[in-house]
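One chain, chain A, appears in both complexes that follow, with chain B as partner in the first and chain C in the second.
Moving on, here comes the complex of A and B:
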């Protein structure tokens, strides 16, 4: 009696296959989107990855690290630098961005492992991010300072990526791969270890789990994912400015994680999708961006601390069972 | 040259000390690190700007009004925003304070946009010459005000019962509640005091610098750098750290490169936290298992 219910009732979602339908449906977007809309959809994928990476550290590992904008900027600048000065093609530069993001993550994890936690970690990573921005501005011979560093023509395996549609399909492929990879990671022993560390590091260590290794892994993975997002961002804007990686960006990333749901991969995707288009709209009114994101985080903290995923879990028991964890 | 830099560094550092001290007060009393503090400091400066320049009121009453306003804001933040999330994870406090800061910053930006606001000079005190040394009137006002405030603060903290209450609550909130301290109200007061002290720093800066919404981040980082340098949570350390930071900035700017002034505080944070996380005067934190 017990055996038949799961298979009969929800064959698609049972295997999580339903989420393959999302990118498939998304693949149709270029057929009815204009260039501007397409640009925003591309940005949504950039921010989905930004949020996925950030959420790993802040939601899953529970560490208060603000280095996300640094990873993002490093990924973007590394892409532009590798392509401009070393003549890398985009796909190689993308790998470079992932590696440099991962290295930045490694650096951040070293501070966390040195016992710099909580507020100390927040402050040191905040300083790291701002220091990187200072470097972008002042390393003028390489980064061209506040004028921004333009990217050469972006091609992927010989094909031009100039049109928004071409970018879209490349981005979609990257996003699906990264999200799926992260999802597998989180479902594995590693993902459970990461959550265990968040909930109680000492107990986890006492169970013979090497907490240090998992902390390093999480930071490196997060850095790489966000570095890749940075590379996508660079390809999308075609010019990299220091101001794109300032302090306002921190709160945007935060809002995406919190609105979607801290510690939930699907939450990251939801947060990135919901909150990416809005700043585009607010850009014309000075100050609105900050007011909006500030207010939305406060509202989420006060009234919906688990983010939109908790709301979905309330509505759909199926979702709750499979994708929501208290 | 060296003396001149030291003097201007100390007057700059006095402001950092005040910011760091106001951060420390809130941290010691409530264990919340206030990531929005830079914007609250700027709130004081903008408050004075509105009252003095836009409404044409005299400086001193405006300053008092701005300080009172920020005190009220502190109480509101404590009651309306920090207290309701007490039960949640500690990460929430950081996010809440940073978001509140952004609300402040967004408000100022939506009103003034990208404009840079000059404030008329308030005090016109001629500089003093000591040998080659020039001590400007502003430097005297700033250091004088901060010195008086600090003296008052430390007397309250170490010589009165209020100081003992602060200690008690810091050590154990539950214990403090048990002996009849109204912890909630106490937190409100300390948030108010922290923001009011930050506002004083903002008001002191307002007449000598151009105001724009992005200044807040710099204040926050400098406050953190001073706190870290002196030892996180140490009151005397915050003051010493602020002064040292102010002087270091001037030296680095003059002897190495002016671009370094902006990042001295970041470098201080990085180096101190990596090399000696407890700071110059802090005690090594002991983690209880």
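Moving on, here comes the complex of A and C:
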């Protein structure tokens, strides 16, 4: 009865640790990238976190809540406001952005908890995003309206973060930590509870799991991750504008989740990378950029409804989502 | 009022239809109590009323001496009365192992920050749970299916997984609604064996609805016979086999 399976060492090709090679290889990028390319790579990391956070609510929890641009904008504006008016350092403002993003997530979860679901949840959360944009425009004394709010000089632990390379290493560290933390959560009882709620809320409750707590937790964690992405976005652009957080931005976020793979953390990373990099590449064909962008989304969703990650899952089981540890 | 679960004078009337009338019986701790009766006898209604899905029109239900009639299904489940459903409630996007692990959820001792940072303690709690889930599956000879998606299993295998998942929550009282229906003969025998062992070794008390009379006779400690919403007999399998009224009503002999 009591035969414990001994821990077998798996070869690297079947071991999840192989994914650590991705940030290690990425760390070499500054050695051959010019400033423009480096800026794009930095933006890619911003959007990887945007997608990771959004996917938790859309893919893992299965709730049609589109408050993501609100979390993103709140994170970005909070960073600029805390640094400008409260004299926060960037590190502290980043924590502030994560907390305010989490609080916005808590607010968004209230709608889902009160039984507002599906299309109703979708429209209410979209309205929340638009309402926040209205606030950024009209709270002029604080946000400087459509002129945008500039960030003071960004330093991290006393070092200037003005160069793209400096930003890159700080962003890489944040991205790795947030993705790893999210992965830890998903591979535990937390990840399973969230997935179980998506499948069947009543059965989940019958197993003694407090579904309300996990719905709140998902929204708060999602809001914090996207709030952090907002802080990175602010540092990257060095000036925060209301237009960055409009309805088109919602579509971009949603496309990243769907193209990467709803409910897959690896899919989120892929979606964020691909849909940030490709539009930049298509800039060399002026007038055709949106066409290419739209065509890619349609093609992927037609032929790979579970996203690009499903293609990789066929090649190696490493790309299949696992919700446990052994 | 000596049993783990006591029903006294329970009636359920649905707008004139008398689904259950004045039913009283007890299910004892550590025993398998079987409910039998022809279709429409009120067995499933009785399950629904015990698990809180249907409210009784009259009567009282006590679990561990505490009145549980009028509670919601979730509250009844919290008290320790857990049930399986006729047409499963497995999580279709998970593997068999992940389903069992979800049943073990409340027993995994870890907090949010430990899980987030992947501390050794949180990791070990997860690994121990996975090992326990595999052992529970082995109880039912289902360990070979652990890493399969539940969608790829047959209906009978899915029911096995659902029972293992419910057992994983360590319920004091487990309500099983026709656990053997649709299973192959060897699996049915295996199922009954497991049910007996659960009651004997794991100390889980079981209330069971089952149509297969041979399984009920072999596997249960006590049998309650329902017909047209009323209890017509109660006793050990040997006594039920001899009961003339039961033979007429249920087995169709005259």
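Here, the second predicted complex is superposed on the first by the 279 of 326 C-alpha atoms of A that agree within 3 Å, B and C clash if a C-alpha of one lies under 4 Å from a C-alpha of the other, contacts with A are read in each partner's own complex, and residues count from 1 in each chain.
Here is the rule we go by: a contact is a pair of C-beta atoms (placed from the backbone, for glycine too) under 8 Å apart; a residue touches a chain by one contact, two chains touch by 3 or more.
Keep in mind that this is a model prediction, so the values were computed, not measured.
In the superposed model, A:146 makes contact with neither chain B nor chain C. Once the two complexes are overlaid on the shared chain, A:205 sits against chain C while remaining clear of chain B.
Of the two partner chains, chain C is the only one that A:192 touches; chain B does not reach it. By the document's definition of touching, neither partner reaches A:213: not chain B, not chain C. When the two complexes are overlaid on their common chain A, residue A:285 makes contact with chain B while staying clear of chain C. Judged by the touch definition given at the top, the superposed model places A:181 against chain C, while chain B stays out of reach. Look at A:163: by the touch rule set out above, it reaches neither chain B nor chain C.
The partner that reaches more residues of chain A, of the two candidates chain B and chain C, is B.
On chain A, the patch touched by chain B and the patch touched by chain C overlap at residues 202.
Interface of chain C with chain A (complex): residues 73-74, 77-78, 82-83, 89, 91-94, 97-98, 101-106, 108, 110, 112, 115-118, 122-123, 126-127, 129-131, 134-135, 138, 165, 169. Chain A makes touch with chain B in their complex at residues 58, 62, 64, 111, 114-116, 118-120, 122-124, 126-128, 130-131, 134, 138, 202, 247-248, 250-251, 254, 258, 285-295, 297-298, 301-302, 305.
Looking at the complex, you find that chain A touches chain C at residues 1-2, 4-5, 180-181, 184-185, 187-190, 192-193, 195-196, 198-200, 202-209, 217, 263, 323-326. Interface residues of chain B, counted against chain A in their complex, comprise 33, 35, 81, 84-85, 88-92, 94-96, 98-103, 105-111, 113-114, 213, 217, 221, 224-225, 228, 232, 259, 262-263, 265-267, 269-270, 273-274, 277, 289.
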